[in-house]
């Protein structure tokens, strides 16, 4: 019964991490847990789904898919974290923006929270009861809040506060929606997903719609759909890269929550209403993100807005229905791995250039012989260029829109994609090209890292394997998704698309 | 057509070509003589050009140190192109040596090639004057070529033929009666083109000696000896060829009988020399245009051809 | 029994109006505590009567909402020894006017949303909407971080009231999980406020605006 | 078929293999070798397809992303593929020499990786038989070419050019995405793109109802914009004059000689597959004529050799589009002669332009390589110092101007003849467009002759104008022989032009029944023309012999150029290209805008005066202004996120209320 252990193992490990005094063993535990989790996920991927916890938890195909996405991202994060924590040894250091001293929060808390975070996300993937689903999603917020505040300076604190407040408010609304959903069944039905879907046609349509609105707004806040996404850029830019990566899978599970609700909606024959809302919010998010991707000066915020854009794509694909749902699920993977790689690489860039300013980074390819080319590849994977997965998924979604005869929507979708493409490539490829000296000259001739200030010349730091291999693996995954889908994965994706209301 | 007939045709064409080769230097003599008459002078002998050619062929040459093999290639290529063009052009409605649909493009293309190589030869000397001349030559060629082709196109539109021989062969009296104005316009356009292509007043003045005002002459400042001979002869040949076209256009004497063939040829030669006289008259009655006005003149020629076409298309 | 439920709901509305009108943070916190205690009764007044599950839920609710949350909030308020003023963007009278408007809107919305269950008082949906709106309003218009947490609690109360009445079958597990989450949320927020105060020497959320475009 | 598969495989493996070795030489040897080998392998089936259409289709059983992708070579593909492979192979050989001096400054892996990817992608574009596969190859082509353009990215101008190219090609590809994803889309497009077939890889209809047929006009417009932007169609081709000069010269050769043609190919496919309507032809002729004239006018205002060549590529793309337009009109009005000749002319010109433009870019490359100077007005007298480059460049220049006896003339002859026939046909709606096409053709020929005589003369003839042109070296052998090979192709294309045209007509025959018979007269015309070419060569040889004989017996001396009494001639008084082209450029001032910077002599003792060609691209300026405007407007909206958490909560509340209102109203 591997499914339940995907929750229990990280939870136990997380609890242990708080008490383990030794850094080395703790990091070892982290990696070990990640590996175990992936192994369990793959086992569960093959194993037939069996409900447990009196039917409240069940690993159905959508759950399988999202669990796999989470697990893959997490293992990359875990390996990266080892090197990252070594780099970020405790002790106060100057803040690179303002130069004020700050210290990191204790490593034990960081590791523990990461593991609990994983447990919570796995819980969401398995939850078949909307109430528990809510509990899980809220738990992810709470587990991740301390992670955001890893660097103890005021900007990350501000980000943490916004994250807490906005997400809590949103989640609270989702709770209200959940109650309304239950009420729409006349109070008799429980919050169990099967029960609700069984009662589908009998549900009160008006209440159902209202409930869906509340749930969409609530989970949409977590998922980062504009204009509910406002916490996202702040959190992504101020938290460590690893956390940013993990929050990518956080967005994913929030999407899963929305899909779960949509299952009920479809069962009740109200799919169209939900689809319209999803398409609307999706396009809004893409447009909003596109606006902020243009002339974006901070590359971590840029990545954050690109996440908003991609969440919009997911919502659009789900809302278009038909094969669009399949496209959305594929895109979830493609975007997840690409974005994860980009965040890890952004961490490397930050470590090498000591600035988050786009104009402060030039000549990545020359300066960082491994991260640089990977960065370029990641950008291509992110903007949906072949042969990466996002190309296929966006293609599928667009094709579904056209096949549905929704030419206007497809046109808007393409236009927004192009704007985002221009925004991202302009900034990120500019960072990759040129020479490092040009960056120095552009930022007023001074060098960035302290070492450079001393030596007076720019130097290329040696890149640690733990910093290069995880993004490399993730980009390899993106490539794989673009060229070849393992049979089982495709099978699961198709059936997941069917379950969540696709064709 | 049967082999014999072809042989006859080919033979006739060869004879007509030979006539052109032999007579073309005489044109310059005629023009000079006409101008002299208008100026009330005795003027140089009619055969003066032959003498000059003979002299030039016997002379040596001084080559600039900056020049390369391009410099020698220019004049020879120019003349070769002229000779090929002569092989295409009908005389007095009788076909040239070669004729195929669209040969009018080749006709223009050959001159364009010659011009290209002459201009590069001029640039080869590195002299700013010759560069200037080359620049002007290439500039004026653009509207001139356009006018020439559009004129041909108008004629082919009027006759429904695709080849020079076909076109000029069909231009009989009936055709003139059918669309006289069009043909007249085209003739005017072609005449202007001829003036420009053969560097006559009002476009260019072969006799001036102020380089700043020259176009073609300034390009060949550095050439001497056989090269210059090629150039001069090529000029005469060009005048003959274009003149043959124009004569064939304006003198609608056509026929198929052997006598008609001969008659047509005679008419053609007469027409060409008549044209030389006209040129002489024009040169002695007009002054050279300011350089800035030359493009307008040639664009005007293009406009004439275009007008002819529009008249046909309506 | 229903009447008692409605009584509590009316009390909820009144406390909300007080929240809108008052200037003292302390009073706000007490009001929220009152609401919490009132809400704690709702599960008992549910259809099953006094069942162990319902008892447990209401007990936990009373403990959290009535005692622990106020305690946490007062603690953070003292730790950040700031003027106990709400310092709203929108004046109190205007806030009250908003309250009236919000009440009207919620009544309208409540009318739009039918309740298929006869056992549920018709007052429930409007009041829940109203409380939620008031909570959001509090978060939007109040300057202090603490008062934003208060707003969040009000919001949460409205939702809880709705859930407690609307859900016939109270599921212990779910409810407990929810309560736990809310507790942790408030707890973490309290810590955050403590940190904010230490970092900035103020807890004015509107001055936390360095991260922007 | 097996050979074709090997060709693609060699390209791809070569791309990867070039990344492996540490040594620069090894990497470039592998990369260039793979490119050449792949081209050689691919040439065989392509050449076969020229004679007999290949029946086979190389079908990849592809797992879910793309479903089935299949390649096949028919006549049209072969017409494009054969020159493409030849040029890519020769350019690769050249590039190895061209990049040799960069050893130590960069790794050789990346350039050759992208070069081989580009080769494979172009081959795929010409042979794909499946819309998704076409898209894949198209995007791969765009990306790899982008990275090749940005090879010298330390230079800011190069980065700018690359950015413009990337944006332009992405926007163009957006239209192709729609074209290839339309319900029931096929490649080549099926007439009546209609009832939805298969929503995704497994062919299931994805639960969509069948849709009304997409009007063919929409498909045409999508293709026109999508492919046209790659072909350099004005005003979408603004990237072209920027990107082509920025790339390393062997890449520029491929971009101009081959990649532009992919756009022509796409439009041709659509025109052959769908029943054209007259307005298609009118649009194509109008845009093609505009492109051609703008392009050739642009050549006159350029100061850099490679930019001049790029503008000329735009001109020739315009000429090809003219041919396509005439062909479309021919089909629309059911005049098969015009159709056959129009498309045929486009194909023949495609072949010729490919050869000549690649040759010219290689020549420009070795000039850059030998002198390190891009501006023509600094050069001069290179013919003596770089004889091979100079001679081959002259051949290319003659060819690109469409002068006999080279291939360029043949294509212009066919195009002109086609326009002439269209003009003479009693068909309203066909005559005026034909006339316009004809006029544009002649105008372009004349202006191109002016531009290239000037460029060749200024760069290679006369005396060196600047130190840059003093100490130069001829290109190394690795760069010389590809140029010589291309230069040898030029007269062959002229002499065998009838065969080229026949091949083109043969390729068109399936789409245009009896194309070969219809074009027979033109083929014979070309044959006669080649006779005259022979005569021309004979006469030229004879005259040169005569000249030699005559001069051999006279005294031949050398001296300074006759300087009209000017005491101290310096090299700097020579006519520059700027001044050479200025009068003609002035005539087209309205199109090109201010063509130069003129500093007039002033005062009693005038200081230095001069004229430098600095033509600005009005289309590009317009686009930049538009984008800048949009950009600024959008940036103003960044105020939406000013950091106040209150406001953010307000957003949430507002969204909630709005959606509720929407849902419950």
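Points to keep in mind about this one:
The first chain written gets the first letter, and so on, giving A, B, C and D; residue counts start at 1 in each chain.
One rule holds in what follows: contacts are C-beta pairs under 8 Å (C-beta built on N, C-alpha and C of every residue); 3 or more make two chains touch, one makes a residue touch a chain.
Everything numeric in this text was worked out from a predicted model, so none of it was measured.
Across B-D and A-D, the chain pair carrying more C-beta contacts is B-D.
Work out the mean CA point of chain A and of chain B, and you get 78 Å between them.
Chain centres here are Cα means. That of chain B falls 36 Å from that of chain D.
As a whole-number value, the distance joining the C-alpha centres of chain B and chain C reads 101 Å. A separation of 43 Å divides the Cα centre of chain A from that of chain D.
Of all residues in chain D, those that touch two or more other chains are 638, 640-641, 643, 645, 649, 652, 660, 664.
Contacts with at least two other chains are made by no residue of chain B.
Within chain C, the positions touching two or more other chains are listed as 112-113, 136, 139, 148, 205, 208-211, 213. A complete list of chain pairs in contact reads A-C, A-D, B-D, C-D. Considering their complex, residues 112-117, 119-120, 128, 132, 136, 139, 145, 148, 152, 155-156, 158-159, 162-163, 166-169, 171, 173-174, 177-178, 180-181, 184-185, 188-189, 192, 195-196, 199-200, 205, 208-211, 213 of chain C touch chain A.
Taken in their complex, chain A has these residues touching chain C: 56, 129, 131-132, 134-135, 138-139, 141-142, 145-146, 149, 154-155, 157-162, 164-165, 168-169, 172-173, 175-176, 179-180, 182-188, 190-191, 204, 206-207, 210, 233-234, 237-238, 292. If you check the complex, the residues on chain A that touch chain D are 161-162, 165-166, 169-170, 173, 206, 209-210, 212-214, 216-217, 221, 227-228, 230-231, 233-234, 273, 277, 288, 290-292, 294-295, 321-323, 326-327, 380, 385-387, 389, 391-392, 395-396, 398-400, 402-405, 410-411, 414-415, 417-418, 421-422, 425-426, 429-430, 433-435, 438, 481-485, 487, 490, 494, 503.
Partner chain D is touched in their complex by these residues of chain B: 57-68, 70, 72-73, 76-77, 79-81, 83-84, 87-88, 98-103, 105-106, 108-110, 112-113, 115-116, 119-120, 122-129, 131-132, 134-136, 138-139, 141-143, 145-146, 149-150, 153, 156-157, 160, 162, 211, 221-222, 225-227, 230, 295, 309, 313. Here chain D touches chain C in the complex through residues 638-647, 649-650, 652-653, 660, 664, going by the rule given at the top.
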